[in-house]
Amino acid sequence: ADKPAELKIGITTYSSGSASVFGVPARHAAEILAEEINAKGGVNGVPLKLYFIDEGAGLETLMTEYRRLVEDEGVEVTFASISSGVCNKMAPLAEDLEVVNFMWDCGTQRILEDDKYDYVFRTQANATPEVLAPLAYLLKANPDFKTIAVVNQDYAWGRDSWEIFSNALKIQRPDVKVVAELFPAFGAADFSTEVSRLQALKPDVILSTSWGGDLDTFVRQAKQRGLFETSKFVLPLAESSLQRLGDDLPEGVIVGARGDHYFLHPEMRDKEKFKTFNEKFKARTGEYPIYSAAHMVQAFAALEAVYDKAIKANGGEWPTKEQVAEAMVGLEFQGLGRPLVIREDGQAVEAQLVGTTAKRDGYNFKVIDKMELYDGKDLMAPVGENSLKWIAKFKPDFLSKVPSTSFSHK
Amino acid sequence: MTLNFAVLALLDGIAYASLLFLVAVGLTLIFGVLGILNIAHGSLYAIGAYVAATLGQWLVANGYNPWLTFPALFAGATIVGIVLGGLLERLLLQRIYAKDEILQLLVTFAVFMILENLQRMIWGVQPYFMSTPLNLLGNVSFFGINYTAYQVLFLPAAAIVVLFALRHFLRHTSMGAQILAVTEDREAATSIGINATRVYFMTFVIGACFAALGGALATPTTSLVTGMGANMIVLSFAVAATAGLGQIEGAAISALMIGIARAFAVYLSPELEVIMPYLIMVLVLLIKPNGLFGKVTARKI
Amino acid sequence: MLKLTNVHASIGNIPILRHITVTVDPAETIALVGRNGAGKTTLLRTIMGFTQSTGEMHFEGRNLRDIVAHKRPELGIGYAPEDRRLFSRFTITENILLPARVAGLDAAETKRRLERIYLVMPELETLGPRPAGSVSGGQGKMVALGRAMMLATKLLLLDEPFQGLAPVLAHRYAEALGKLREIDPTLAIIITESNPHLLKSFAARTITVERGQIDSDLMTERMEA
Amino acid sequence: MSEQSAPRLLLQAEGLKLHFGGIIAADGINLSLYDGEHLAIIGPNGAGKTTFLNICTGYLRPQGGYVRFENREITAHPPRDITRLGIARAFQIPQLFAEQTVLENMLLAASVRERHWNPLRNLHAIPERREMEELLELVGCSDVRDRVASELPEGKRKLADIAIALALKPRVLLMDEPTSGVASADKFDVMETLMNALRKAKVSSVFVEHDMEMVSRYATRVAVWAQGKIQTTGKPDVVLNDPEVIRNVIGG
Amino acid sequence: MSKEFLTAIPDGAAGTTADGSLPVRQERRGNVLMNKEFLAFIAVAALLAAVPFTFGSSITFIAMCLAKGLAVLGILILLRAGQVSFGHAMYFAIGAYAAAFLSSAFRGIDMMVLVAAAILASGVAGAIVGVFVTRYRGIFFGMINLAFSMVFYSILEKAFHITGGSDGMRIRRPTLLGMELRRAEFDVAIYYVILVFALLSVWLVWRYLRSPMGEALRAVKSNETRLEYVGLSAKSVLLGGYIASAVLCGLGGVFMGMVQGLATPEHAFWTRSSELVFIAVLGGPAHVAGAFGGTVLFEAVRTYAAALLDDSWQLILGVTLILIILWAPGGMVELFRRFTGRNRVKTVTSGEAGR
């Protein structure tokens, strides 16, 4: 195909609704990156042009806009989306429209496990490793717990993540008793009742994969009422709340980041690219990037990488979308974390970072210490295998034996 | 733990109910008087919260005495109620009292959308919070369970004060009587010298203040996120309807019912928590189609 | 004291009254008669300021145009609407007292007026504690009349006050209203009534409204005279 | 009049009792209406006249006693059923479909009567339209035929209300102060034509009335109400001259 | 005597009735208008039928508008009876989920089967719920409906093993009359199917609202006592309207679901319900055309507002609606009537007249 005047990218992200705590930072990241790339002449000489769609505006709008961008604007690649619900919809639509689509942030592992796609890829991990990693960490960090309670948001992610977690836990630690499964309404403003009940139950471990305002509120109310003294908290998404929660998040809490995303990533913190991005981001938003921003960076990294690869494969010619789609398989690229690779089912393999909160000078919020970095492939169902079935085959000590490299805060 | 869990659930329920009541009462008032189901009430609630939070944060940030955050809550609420509520009434609602109630409803819905959007533009999407008052009051514990004094003591107290103040206002003041008269028949009220325009204005502003107050008082207990108004408004609808419209005491009782039922649900079968308010509403309306305290309308023939 | 000159009135952009010119002197009782839809009610509502109207309207030298509807009762104008319009959430007594409460009359004055009302309609005293929402058609009429009298020190506008009243009562009220002037010499009354017999007993002057205009305006000498 | 060749008994009330708290609205009412009768009910305000009509039409449930229509028990049946049986009612305070025109008010009544439930047929296209227009003519409302009911002057509203009742082709017509509020210049004409129409259509009627002239002209029988009781019944000329009735109701 | 009466009305009234500047319902303005409206109807139908050949890329948008418009049409019926439901999105969702379950149970099931199933499901649900909710009026009616829909909504979310929770369920592309369709073909096919159903429903509802039953709905709003006293139960009148509205919402739902290929609980959320009411008023309750006009405006604003000012669709929509309500309470329909110089239909009660 001949070079277009500009490479048009359609990005769905939340600019309204509660999920915009992820959407807005990611959008900033996208704009920063587009500027960077265009500053150096664009992708193989073709400047990028970004189109954003608000996932919060409802499916009708989303679909109409998406179609319009692809069919009328001639968008070549789309990044969709944050919400698993939206991913569920956009994946088949992208396949229909035959446009290359990166699922850049949504969690659900089902999409690529249930159906086979030619144009849909995921440039980050899926729920399975994102939940197994914290569990592995827990099993290693403090193995002797007997009871656990869960407080998850009442929607797909909250349910699915618990399903994965609990299934794995059952096999790894049959002796552990689940004392409460609480699913307060999504966006609930008050968790005091849940907190009271948890105080009464005194579980050894409390898991919550909640995020955003829900997580903040829960943590604050729990902290205020001394729940952290009696139970060990595991918060797989808390990396995105660290800076907001400040001192309200106690030390010694196990936190994850849906990947190896952390503005003090032990392996990357000294790398040029990493530092400059963090600075730019801080300058623009006044805060350090959170994982959704990092996921956006990965999507862009994949974009650049795949076009280079496809153009090479095409003898320097601008590739057709089919060629781009082909090039995706086996593609290697690197964002702010460890390098990633796309498997033949379109799923990227992404490392996972889990750690424990700690207070350190120089930061008016908790940082992550006692970090463990897990390689993605160990925690991911092999191609063509369903996560839950795969988990069912775990050996009892599988997770506690998963290899990982340890770091502590410097 | 069977017995004392009941007590715990009760405490949680009351704490929750107090907040619910504070929000719903304004809605009930406005509906009972202006006959308008004010959906914008939700945004007034949210904005009240944001303003209170901003005010409080500012005080704390500038090293003022943290106890000042308490008056800040009320100040924030009053400002929002009077300024925003006042503007709304003057610029908008005044033009639509004569119109069909469905149109009125929709106007408030439009306002709701607008305010939701503005609110996002002003305060952004990052969760806000200002828990100073909560922390100041510290905890109290029952059966070895810690509760925040703010939630189990301060909020219920506030609710009770509001309840009785409002009751007195409607029942025993001339303004209250005028309000009731205007609601029923504007022309007749005017013909006996009641300034309907003023009455409407007052009532709406008062109602708006309560909405904002609900938000302000909720601030210390929760993080302020976009869309918090929408969630609250349905709940307070449920309370208002269950109570019977314009029923202040009713609102208090149905808030309690809903709050406590919800709390028990969390203990007994968490899955029911979310639908509890609606179940209660349906049950009540089944037995009393006009709500708990709803009056049968005056003789027609 | 009330002077309308060339008043036009319309409701919802529908012209209804045309070229209305009337002068009402203190202590005068005027009967407005006319067929259904002639515009009697509209005329009264126009005086109270409930219609869009043009033309001159003066009350005791003050231009009614400058006085918003809810201020007019303060001038001493009481209005009893045709269709009762009671406040059903109050008792009958509260209905009657409400105007006084709004106007902030002192206890003594309120009492005086209340007695004046009971003098005309003793029944109201016994009906007092009943919820206004429950009264019968005729009872409702009485309450409306009473409520109007609470404010009417100068001018009393009655829209078909006797409609639906049993003849005994109707006659008694007619006379009582006639008597009112002995207590309240300056009080003027405008009354729309479709039953001439009742008017004879006290109305001094009959104005006939036809098709939204004043058709005739003549002194009817009293029966007894 | 109940002995030899007794006309058919239509409506019969036995020992109706109804109190509202302390207020007695009906206190042992016994009343029968025979075919072809035009019964006038008079009495002081608040005596219970309207309440009686409310009970007969099932709007209120009596605390005691029963109502029969053509020997069928109808006590506290829903008004709609009673209406369908052939008892129509005109109200003291007119009850109209405020948003629709007077004609539409009538057409609606007619289509209920004729069970026109075909959802594809236009209300204005029902065959009874002509008939309804004539009825409006009869009560003198054809001039406001196309006016929205809420805008009618009081008098016209009363008449329209009666017309709706007539539209139902009832066996018995209950009217609560049919002509109060109708300008005196017209009320006799209206009542005249109305009554003729009723006689022609063999419709019996009960009407509450405060205008004794009306009563003496059009009633075949008069019942006098007082505090929820029936004081006397009888031929108008007799009753209206009864000194007690004069004292309590008519006045000197 | 009737003549005397005629002389008795003031010119005010007589004149106005004569020159028709008084709110006179247009039904009575005879066949002329009926024909005019019918022609307009044909014209619009023709235009819409031509879209795939002219603005191909917008068919999905229009298809979704039509689908939603169907639901709004249902709301319109209830508005006639002066009732607003904050729960009708429930039937919308029922329609969508009916399709979702069937299409996941039987791959390659036919579109017509799905539509039939949706009609049946929503109709039955409407009848059952309706029997219960038609006891209530005004705000209580609205809230009871809200309650039901919210319970239904939470069930959809909670029973995630069956319903896929908040992610919802995919609706696999059905066959049409046995034909396997590829995406492009399918888009066009379903567009026409929806168009046909929409036009049909518009015609039916249009007739229904003018029929005695439809006029009775309006009577429910203005005077139930009288309705009882002409021998009709307000409850059953309303129930009729309610079921009809439920079915229309169900239809809208199944079509929306098939276009989007997805059924989510969000379809049943209360904001969706009020959105429908919102659109109905935006378009104008006075006329069936309003339902679709309103939907197009609504969706267009929501979709293209972003182009005007980032993240501002709620703002713009809100302002639009307020302007409409303030200056044209009859909605777009009224604007249109004014524009084409037709008499405005008297919208609902006006202050003074409220006696």
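Order as written gives the chain letters A, B, C, D and E; numbering starts at 1 within each chain.
We adopt the following convention: a contact is a pair of C-beta atoms (placed from the backbone, for glycine too) under 8 Å apart; a residue touches a chain by one contact, two chains touch by 3 or more.
If you want to know which protein each chain is, UniProt gives these names: C = Amino acid/amide ABC transporter ATP-binding protein 2, HAAT family; D = Amino acid/amide ABC transporter ATP-binding protein 1, HAAT family; E = Amino acid/amide ABC transporter membrane protein 2, HAAT family.
As the structure is a prediction and not an experimental result, all values here were calculated from the model.
Undergrad: Name, by label, each chain that touches both members of the pair chain B and chain D.
TA: Chains that touch both chain B and chain D, as defined above, are C, E.
Undergrad: Report the chain whose mean Cα position is at the greatest distance from that of chain B.
TA: D
Undergrad: Which chain has its C-alpha centre farthest away from the C-alpha centre of chain C?
TA: Comparing chain centres, A lies farthest from chain C.
Undergrad: With chain centres taken as the means of their Cα atoms, state the distance from chain C to chain D in Å.
TA: Result: the chain centres lie 30 Å from each other.
Undergrad: For chain B and chain C, what's the span in angstrom between their mean Cα positions?
TA: The computed centroid separation for chain B versus chain C comes out at 43 Å.
Undergrad: Distance-wise, how many Å sit between the C-alpha centres of chain D and chain E, to the nearest whole number?
TA: 41
Undergrad: Two or more other chains touching the same residue: where does that happen in chain C?
TA: In chain C, the residues touching two or more other chains are 11, 14, 35-38, 50, 83, 134-135.
Undergrad: Among the residues of chain D, which are close enough to touch at least two other chains?
TA: Within chain D, the residues that touch at least two other chains are 50, 92-93, 95, 144, 151, 183, 186.
Undergrad: Any chance you could list the residues of chain A touching two or more other chains?
TA: In chain A, the residues touching two or more other chains are 15-16, 154.
Undergrad: Please name which positions on chain E make contact with chain B in the complex.
TA: It comes out as residues 79, 82, 84, 86, 135-136, 138-140, 142-144, 146-148, 150-151, 154, 158, 225, 270-271, 274, 277-278, 281, 285, 311-315, 317-319, 321-322, 325-326, 329, 347-352.
Undergrad: If you look only at chain E, which of its residues touch chain D in the complex?
TA: Residues 1-2, 4-6, 8-9, 13-14, 17, 22-25, 27-28, 204, 207-208, 210-216, 218-219, 221-223, 225-233, 346, 348-349, 353-355 of chain E touch chain D in their complex.
Undergrad: Taking the complex as given, what residues does chain A use to touch chain B?
TA: Within the complex, chain A touches chain B at residues 14-18, 20-21, 23-24, 154, 180-185, 187-190, 192-194, 196-197, 199-200, 212-213, 216-217, 220-221, 224-226, 244, 248.
Undergrad: Using the touch rule from the top, collect the residues of chain B that touch chain A in their complex.
TA: 1, 5, 8-9, 11-13, 15-16, 19, 117, 120, 124-127, 129, 131, 134-135, 139, 143-148, 151, 218, 221-228, 231-232, 262-263, 266-267, 270-271, 273-274
Undergrad: Help me check something: in the complex, which residues belonging to chain D touch chain B?
TA: 50, 54, 59, 91-93, 95
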